[in-house]
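Each chain carries a letter (A, B, C and D) given by its place in the written order, and its residues are counted from 1.
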Amino acid sequence: MTVVNYRPAPDELSYTFGGRDPVLEVAPGTVVEVFTEDCFGGRVRTVDDLPSQVCEFPYLNPVSGPIAVTGAEPGDTLAVHFVSITPARDWAVSATFPHFGALTGTHATATLHPPLDELVWRYDVDLAAGVVRYHARRGDFHVELPLDPMHGTAGVAPAASESRMTIVPDAHGGNLDTPELRAGVTAYFGVNVPGALFALGDGHCRQGDGEVCGTGVESAMNTVVVLDLIKGEPTPTPRFESDAELMSAGSARPLEDAYRMSQHDLVTWAAGLTGLDVLDAYQLISQAGQAPVGNVCDPNYTMLAKVAKRFLGPATAYDGIHDRLRATAAGYRGNAIQ
Amino acid sequence: MTVVNYRPAPDELSYTFGGRDPVLEVAPGTVVEVFTEDCFGGRVRTVDDLPSQVCEFPYLNPVSGPIAVTGAEPGDTLAVHFVSITPARDWAVSATFPHFGALTGTHATATLHPPLDELVWRYDVDLAAGVVRYHARRGDFHVELPLDPMHGTAGVAPAASESRMTIVPDAHGGNLDTPELRAGVTAYFGVNVPGALFALGDGHCRQGDGEVCGTGVESAMNTVVVLDLIKGEPTPTPRFESDAELMSAGSARPLEDAYRMSQHDLVTWAAGLTGLDVLDAYQLISQAGQAPVGNVCDPNYTMLAKVAKRFLGPATAYDGIHDRLRATAAGYRGNAIQ
Amino acid sequence: MTVVNYRPAPDELSYTFGGRDPVLEVAPGTVVEVFTEDCFGGRVRTVDDLPSQVCEFPYLNPVSGPIAVTGAEPGDTLAVHFVSITPARDWAVSATFPHFGALTGTHATATLHPPLDELVWRYDVDLAAGVVRYHARRGDFHVELPLDPMHGTAGVAPAASESRMTIVPDAHGGNLDTPELRAGVTAYFGVNVPGALFALGDGHCRQGDGEVCGTGVESAMNTVVVLDLIKGEPTPTPRFESDAELMSAGSARPLEDAYRMSQHDLVTWAAGLTGLDVLDAYQLISQAGQAPVGNVCDPNYTMLAKVAKRFLGPATAYDGIHDRLRATAAGYRGNAIQ
Amino acid sequence: MTVVNYRPAPDELSYTFGGRDPVLEVAPGTVVEVFTEDCFGGRVRTVDDLPSQVCEFPYLNPVSGPIAVTGAEPGDTLAVHFVSITPARDWAVSATFPHFGALTGTHATATLHPPLDELVWRYDVDLAAGVVRYHARRGDFHVELPLDPMHGTAGVAPAASESRMTIVPDAHGGNLDTPELRAGVTAYFGVNVPGALFALGDGHCRQGDGEVCGTGVESAMNTVVVLDLIKGEPTPTPRFESDAELMSAGSARPLEDAYRMSQHDLVTWAAGLTGLDVLDAYQLISQAGQAPVGNVCDPNYTMLAKVAKRFLGPATAYDGIHDRLRATAAGYRGNAIQ
């Protein structure tokens, strides 16, 4: 087992997918330990650090990487197994940001309203207890919420020579902002450029569905992934696999298109895996499928389509690579997978 | 405990919310046992009964009712506790319907494509085993899915002298098509006309998120509800309460507006219940909230916003009526609640 | 020529399409002179009359009617030729209304912003000069804009026993809010109930595309229409015909669906009129068609698809009824058509 | 007057905005004569050349450029005056393309329908008569439509190190696909990178509103522009100025957001030019404004907000540069401006 550790220097952080040389190249099957900064670049540390004052556009939502995977070529699929995602600090922050979020006028849903108040919430992170602690800004209310760490942003270089801000989710991955991207999950991304150029960031200690205010419980993370390669099999949109479920992501506006894209991919993927006719698969997913909401605040919205593998018969995705990566993860320093 | 049984004659079925006299009047607190036909009026019984041939527009999606509740007036809230929802037959059906569903061109998302094939799937319903059995139309694939009965359609007469087809979900309820409307849940509807005029139908043995093909596992139901009244407290959009959670429904297009409406109601409702400032509640729901998808196929799409009550402190909705109705339900012939 | 004059008493005004008995019945071919109140029921007369204070929901956007047309049956088309639309007062008003309009959070596009300021603008109406005069509320700026009178709301009773608030545009017509509904135009509505039950209101001295603030230059109107009937020919969505152009209306959300519906109807209508294959008509409309925006503020948004008749060859819509109604209009007391 | 001529070699064509070095650098005020290929790279020449067969993704929609303008820096505005746009061939083509266009399922509005038939239409271009000639593919129907040449694609390098496919319209310009981008118009683009890096392509002999089938009457063009610079004045979204009108472009999905963005920019721009309070400007644009539809088929949809300058008093945009560029254009070889 090859294990590589990567902690980016501040000036190595990346703010786009695409348009950058790799910071690292690894062979397929490598375990990568990587530190990721939070979406504010670590600059929002107290409730007095207003993001619009301490951060500077476009230096938001930094990702660590890109990491090249040796031998990856367009038409292949990059498999990224998340071994563990561990908050790196004992605090985390969330904030309203001017004209960003679902319940506010925005750049695109343009209104004549002045922005909502910009406020920061600082959470205590208690790894031992497995909780984050919310404190109201006005009044004494506080409550513990379960820790459920995830990466909001993960993906590869886009196709067609595009370079996209890390805040954008699309076919290459990016800022999908879904709680389903947690430890124990394998993410699949279609490779668009030689080396695939994987990067990740934007850790959340937890996040509600849709990230309605625009930010999760934002935290730097110490994360362990296994990067592997599926040669000759393309993946049209980001997909995830957990021990029990298959998932397809769709990113678009309006939100029904994100729903359509994700359901369409899951229906056709399930048809391919099971040998079902497409309309038979459509019917099965219609009754057995779920639709977890990712984000309803980013430049594209993201929804997932999800189905339990047990409803699909003996079908195995990507020739069983998820199980093999689970085994690799189990062997990594005996680490329990969160 | 007053128990009333209502089984509509075929010509008593209703196809609108609003615009009809009540079929029944009951006092607040009455237990009502009601039979509901399936969305096809029971006419689709085999895979050869194509809905577009055996059903006639607008005689689709019949509801049983409306039932007047004595004393209900505009500005009150009708509480409907679902004691049990039991499939009435040992079979159920689902279908693709021409130009209806999420992965097809529709009346509104108008395209020049001919309709997808119209197909019917017939499910076996096994109450004892708690499953429905899916059979592919083409090939031998079959699989059991857990029974999870729900009503797709439930609501009251709309405001402003409107009358709406039962297929429309909106502020009055209607065809919300959410799996969250299951037994054990109390639904809250704002009263718009004297008597409230509650009706329900469109039972599903189960349904995937979004009802992507346009129909669930459609079944006639024997359902038991308790109808009760909360005087002087309005409810702006349908809300649900389970033992563990509070939920707000939003119905609109595009889907992000259904999301916004539901999250907005849950945020402001939670603020009212907890005494939190609205932005503090926005933050809390942003991290603790969920967003179950109802339908993404009806004239309005429906999403729910949901939060666990335990995250809201000692707050109690509607003065604890849900717990009281649970007790009433428990007393009803000793029936176990599903 | 039969001419009927109808001026509703205040308590005769209607606030829905559907759900009401006719106020009048006329034979096909009748000229009807009708007075319509403005969308505020005439209660907003100065800049100090705030709509949210002087008007009461749902008593907004009153229409005059419904008028039954003898012999109209479902499956027929009602032709309404607008002979003249004349502002009834020498002033008109417009306003921002809380949480209504395109550049504000609304009921559906729910945000946490407080409403924008509610302001009223009072316009001078100068029929002789053919202008309305805008005065800024803050400062001395004023400017004359051309008078271009139209009806925001016109339609028939909906199908399927529905009753809809007058503010809603849909397949039955209603609050389409398009400047194309001006004098000289014939509007076509599919008949859904015996007598068709036509009503109209919401006159605007003029309106920008989309009615972005939510209201036009609102005015009571003295309007003359000819009501006629096309037996046995249905009309799926409201259509308009001017001397030079054919138009189809689509009302939906999101706005692209209103676009799709209107373009789809114009493409298939043009194919039917010309004998073109549908894809050939698609291509022709793609290059020759226009897409006037109606409203982007009502419960459904409205767009029109428009094409010059000269691009369609010798095709004649509805057997040339528009030209015949133009002749009728010319004979009506020698009135010049605006 | 400096005049530069640029005709790209085939391998010089660009398929992105951003991510490329300039092909040329010119001083502000330079007249540039430029040849642009059509959106198919000139490969679709007959009705038998199906785009999906003769073109290769992502080598679609080539642009000529980018051209650096000396001294342009972020925060400045690039002014591009279109002196003339002349079809370069006596034929042009349009086509349906699989899963592209407004009346078909697409990549994002994902459906299970097979694509519509892929068909090519070849137009005759008659510069002398000022028309293009449409021929139906099935049957003898043909008709002449007025020539109204425009560029579908024009813009600068995006902000934030992004690189975007030329088919995408956004804040940097790109594939706006609006008929308003015709000769006689000055376009304004905010500068995001040193040199601005202007490029253009995708000429249309004419186009209907929304480009409903996905393509216009596609043609190579010989185009003359004047490139000039407005130092120190940023432009948030593409704007256009004709002799009579000001226009703002918005590109987004859903379409109402493109409407909102464009109207918002025009309202605030008009307020700035006139000194009107923003709500006064909102009211004025609400009554005086237009909303020309650009495209309803590209990755973002585009709408324009437009107002006649005469309604804004003596206000002058960008210190009158449009009039000065008109004068420059008039001096260019005495060419009449189309």
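The working rule: contacts are C-beta pairs under 8 Å (C-beta built on N, C-alpha and C of every residue); 3 or more make two chains touch, one makes a residue touch a chain.
Predicted model, so just to flag it, every value in this text is computed and none were measured.
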Path length in steps (a step moves to a chain that is touched) from subunit A to subunit D: 1
Furthest chain, CA centroid comparison against subunit C: A
Whole-Å gap separating subunit C and subunit D, where each centre is the average of the chain's CA atoms: 33
Distance from subunit C to subunit B - Cα centre to Cα centre, in angstrom: 35
Computed distance of Cα centres, subunit D from subunit B, in Å: 48
Subunit C residues counted as touching two or more neighbouring chains: 103, 109-112, 116, 253-254, 260, 263-264, 267, 279, 282
Subunit A residues within the subunit B interface of the complex: 94, 96, 102-103, 116-117, 119, 121, 132, 134, 136-139, 141, 143, 145, 206-217, 253-256, 259-260, 263-264, 267, 274-277, 279-280, 282-291, 293, 296, 301, 303, 311-313
Residues of subunit B that touch subunit D when the two form their complex: 103-105, 109-114, 116, 254
Interface residues, subunit A side, partner subunit D - complex: 15-16, 18-19, 57-58, 107-112, 159-165, 250, 252-254, 257, 260-261, 263-265, 267, 278-279, 282
